[in-house]
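The first chain written gets the first letter, and so on, giving A, B, C and D; residue counts start at 1 in each chain.
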Amino acid sequence: MKYMFYNDYSEGAHPRILEALMKTNLVQENGYGEDEYSMEAAKLIRSAIAKPGAAVHLVSGGTQANLLVLGALLKPYQSVIATTSAHIAVHEAGAIEATGHKINTVESKDGKITPQQIREVVAAHADEHMVQPRVVFISQSTEVGTIYSKKELTDISAVCKELNLLLYVDGARLASALTSVRSDIDIVELAGLVDVFYIGGTKNGALLGEAIIIVNPDLQSDFRYHLKQHGALLSKGRTIGVQFGELFRDGLYLELGRHANIMAQKLADGLRASGFAFLTDPATNQIFPILPNGLIERLKADYGFHLWQKIDDSQTAIRLVTSWATGEEAVAGLLEEMRRIQK
Amino acid sequence: MKYMFYNDYSEGAHPRILEALMKTNLVQENGYGEDEYSMEAAKLIRSAIAKPGAAVHLVSGGTQANLLVLGALLKPYQSVIATTSAHIAVHEAGAIEATGHKINTVESKDGKITPQQIREVVAAHADEHMVQPRVVFISQSTEVGTIYSKKELTDISAVCKELNLLLYVDGARLASALTSVRSDIDIVELAGLVDVFYIGGTKNGALLGEAIIIVNPDLQSDFRYHLKQHGALLSKGRTIGVQFGELFRDGLYLELGRHANIMAQKLADGLRASGFAFLTDPATNQIFPILPNGLIERLKADYGFHLWQKIDDSQTAIRLVTSWATGEEAVAGLLEEMRRIQK
Amino acid sequence: MKYMFYNDYSEGAHPRILEALMKTNLVQENGYGEDEYSMEAAKLIRSAIAKPGAAVHLVSGGTQANLLVLGALLKPYQSVIATTSAHIAVHEAGAIEATGHKINTVESKDGKITPQQIREVVAAHADEHMVQPRVVFISQSTEVGTIYSKKELTDISAVCKELNLLLYVDGARLASALTSVRSDIDIVELAGLVDVFYIGGTKNGALLGEAIIIVNPDLQSDFRYHLKQHGALLSKGRTIGVQFGELFRDGLYLELGRHANIMAQKLADGLRASGFAFLTDPATNQIFPILPNGLIERLKADYGFHLWQKIDDSQTAIRLVTSWATGEEAVAGLLEEMRRIQK
Amino acid sequence: MKYMFYNDYSEGAHPRILEALMKTNLVQENGYGEDEYSMEAAKLIRSAIAKPGAAVHLVSGGTQANLLVLGALLKPYQSVIATTSAHIAVHEAGAIEATGHKINTVESKDGKITPQQIREVVAAHADEHMVQPRVVFISQSTEVGTIYSKKELTDISAVCKELNLLLYVDGARLASALTSVRSDIDIVELAGLVDVFYIGGTKNGALLGEAIIIVNPDLQSDFRYHLKQHGALLSKGRTIGVQFGELFRDGLYLELGRHANIMAQKLADGLRASGFAFLTDPATNQIFPILPNGLIERLKADYGFHLWQKIDDSQTAIRLVTSWATGEEAVAGLLEEMRRIQK
């Protein structure tokens, strides 16, 4: 295997992050996220998003972040609205339902939800025989690599306010979304439109860690109880604190996202140049080229990737994922191999 | 502050662990605990406990381990028996109840439960108007630093089998328990007496991580679903795998526990030599000397520790915790300072 | 208002049921469903379904029955498959999710699920990142008044066995389904195809009460714990026992269902004679005629019914529900009124 | 068996209640508690307690009432304080824990909690490593037949307000408590001291039914969602509405409680006259005489009662429960039988 494009968590951490862990290793610190490093990371994040009053909580993974946030935001009879392909709806082993809550799903081809769909779900839930929708869940970028534009997010945010819904953004791949050449929204603007979001570290250069940001002050109280109750309050919280400090000290976070995008765009350009189409328009570090099955079979010998969706009897959309760790040579190698096979 | 004896997670990781993370950092691996390092760690652990059929799952923390195991072992109407001072009963923010289960508590002065107490709880729960006790939860070492002897564990294990109960051991501080000079049981013997236990990494030199060991084959199936559903399946599972590999490759795990114990015994010896008594007999890396309040006040200027329990108007039991990272000079320093004050 | 066709629970109980309550009222009995009347009712039901080993539990309502059964049958990470219109999916305020379980929904026009849909859901859930489907939930009759044929139920039962799924039937309106002129399956055959089902009393002449029947012996143990834990174990269990005894002593149960169907068929015949179509083919005590909006408006003055679905700008499907208590005169009255308006 | 003093739910309903069900039986009504009878019952109850703004919800049983109220009042990380003998702590099969909440228990000999105990629990729960106590649960009367005085309730209410706790009273046997000759508090005063309470119907003459009263307006919104989600919203809500209407129309509720108390006092007087002591001072319809084991054995031939607590090798406390249905002749019969045996 020459290189695996399976996902953006195949390698460990960006070297600067390991160095930061080394450097701080023997300093004695408080436990449970009350160490200097976690507090500094929170401060850097609040500054980066221009929300001095935001609450920042560092947790170990994305599913954990989602179940914590939704478990905290929803009353027992309330539900969350999401697309049928949303991570919470499919790939979290029922974690949200395990906290007691229904997910009201809506169909979406591009992984994005529309204000109209939100309205329809709310309109369809009229009384106590049904759940009460309370949160809209979206991902930026989505499960199929697409991103919401500033207008789309603004419209969703507006319909949420109008309908007394909260807006929560899963930012597992937020770095890639923010640094996409297709993006017209920055993190400050995004933070201004949402109630809660999380900034993904695991898929952008950290060993592990996601930063939950509670922007809406009404939702901040007692969140640490939720962390503790779900086993998310790490005694060595510093382990994540040090990493987010490094990611947000001088722009490393966006730099890594940008690198992943550039690698993905090079792949996309090469594939497009060879005449291939895409399932969704390549925008972030996940791209979905549609390739002939024969080509796929031969590429698989040297490169790792997931089959995503059967297109017809002769073609399949595959998923290629790049990361902070993907080198130019891996990208060039795959494209070269593809051209070699095609000849 | 010269040194903090607050707990055994004040520093980062043992240097060898950080080195292992560095060395393996850029190797591409599978996600979600299916990487080579996690698999090797599991193999080493199975070998160390002489249970080739044991299932090993690496998770991020102790509360998480407890809620995962108990949530998996108990049917909705079943309960777990523990002491009133048990971590799950007091210090996990209701994590076990949040998975739907009652904890049947029994009083204990030394943090240990007896077979007779187990019998009484079971006898008191006769029908479907009450919960059905199904698991006995114990910690080795306990919250007050004591350890179960081989005979005590054997007796508890026997009563569990007799009463159709499962035995689960919280081993957050198992390394210290196993290497205590008071211990007469090794990890192979312990693994032979229990259904499930976890081996604590966070409090014994890892950045984070606990290894859940499901010894009983009847309890092993589908445990990864529980991990995923509770947000405990880390995409970079390697982060914990590498650490446990290092801890179990050549005995580092026990070595670190032994070091912590030796430091605690030096503290205990010095305090005893100065005439002080202890709340519980010092056996592991947590000791509870009873000191005059005036001495405590003055010691606090340079040394960190928790007040544990008021003894009378003039004396208080404090908790001193040592770890793999506690140096001889910190121990000597505290004892010297104590003697200086006493003069 | 001359008559309300809103539902089949507008009146109290069939007079024979009230008489039975009167007659037994002052006999002292055991509590919590262990009274003579509940035991006799269970015996009569076991005999009626020809399953001497079935476990019978009497509870107060349909949503309660569903959450009890699914909560008992599913492990924390398992899910139930149902149609998008299923009662559990829409009209139980998230009761199933509140017990921790996801509902995997499939689209259906006639309220029925197909073996192929079941296969697809199972095929799409391959590993621990997703829930594990374990139960198929169907209603007989369905939310839109349709019924499964013997062949359909046999095929669903077979696919469940093949795929290691359990089959559960919500029989809130089972009496009407079994006595439908379209039905080709009796209760003995139905009981032979399912793992668990419930026989609805509330909608067929009881003051309240549903009988949960656990046919599969592997699923019977400890169910009373679930009852108690969910507040479903009534101290005067006799109140439901007496009613089910009366319903099953000499065929009253089916007689009441048959009456409701005959009333519905008379309505359907009259509407059809007037040239109206139906949303689904009238088969049970719920029919869904498609009427001009003008007619609906005028009918509403004297008759109660729910608007069900907009068909186009000028027509709407309404729901008419009959019951054991619906008299010939109410049916004749509505049809007459309709003809009067149409003139 | 001449008479069973096992409990206060051995018979059916008071005849007036059955008559009311008969009389209203064929009137068509709305479902789900929105019928005229339920609304009238709510109005009568609001009037009886002099709380025109109270929310009244009729449910089918006491465990159901408790899990509904506590599930609605508590955030996921919050707990309820109760005595170790409280119904929710022992006899509800973990129903409260099944809604996710810990019960913080305190020891009590007479079944009552003290303000000081409440303070101690709150003081011991300082941070997010522990649950957050939020509700105090008491029963009036208690599990051992005792009652809180007006002063005791006033003091508990005051400490709750001071510590930001909610006060909830389980009134399964409220009728007996209110009409006790030892009682110095009426229902209006009680309603003024609590946030939520329930008025028990099942144990005071109804077929089934408890009325949850949410006095505190801040806790009233959306409670029907909780009802529906827990299967507690009966489609024929009228069944309970009619009964509570009858109980509260002209004082039947208190009359039935008073009768039960008088019967219990006659038993107590007779037993006391024969020289027997009591486990707790007889005050309500549950009394706990301490009898010689030989006498108990012989009494058991003709009278039913539960053994409650072993006193010593020769004596046991038994529980005798009277109800609205207990006749003078049953009481006289037991006393006579006792005297006959003693001779």
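Keep in mind that, in the parts below, contacts are C-beta pairs under 8 Å (C-beta built on N, C-alpha and C of every residue); 3 or more make two chains touch, one makes a residue touch a chain.
Computed from a predicted structure; not experimentally measured.
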{"item": "Neighbouring chains shared between chain B and chain C, ordered by label", "value": "A, D"}
{"item": "Label of the chain whose CA centroid is most distant from the centroid of chain D", "value": "A"}
{"item": "Centre distance in Å when chain A and chain B are each reduced to the mean of their C-alpha atoms", "value": "34"}
{"item": "Between chain D and chain B, distance of the C-alpha-averaged centres to the nearest whole Å", "value": "43"}
{"item": "Two or more partner chains touched - positions in chain A", "value": "76-77, 92-94, 98, 100, 128-129, 131, 225, 228-229, 233"}
{"item": "For the chain B and chain A complex, residues of the former touching the latter", "value": "1, 3-4, 6-7, 9-13, 15, 18, 21-22, 24-31, 60-68, 92-95, 98, 202-203, 207-208, 225, 228-236, 238-239, 325"}
{"item": "Chain C-facing residues of chain A, complex", "value": "76-77, 79, 90-94, 97-98, 100-103, 128-131"}
{"item": "Touching residues on chain A, where the partner in the complex is chain D", "value": "32, 71-72, 75-77, 100, 128-129, 131-132, 222, 224-229, 233"}
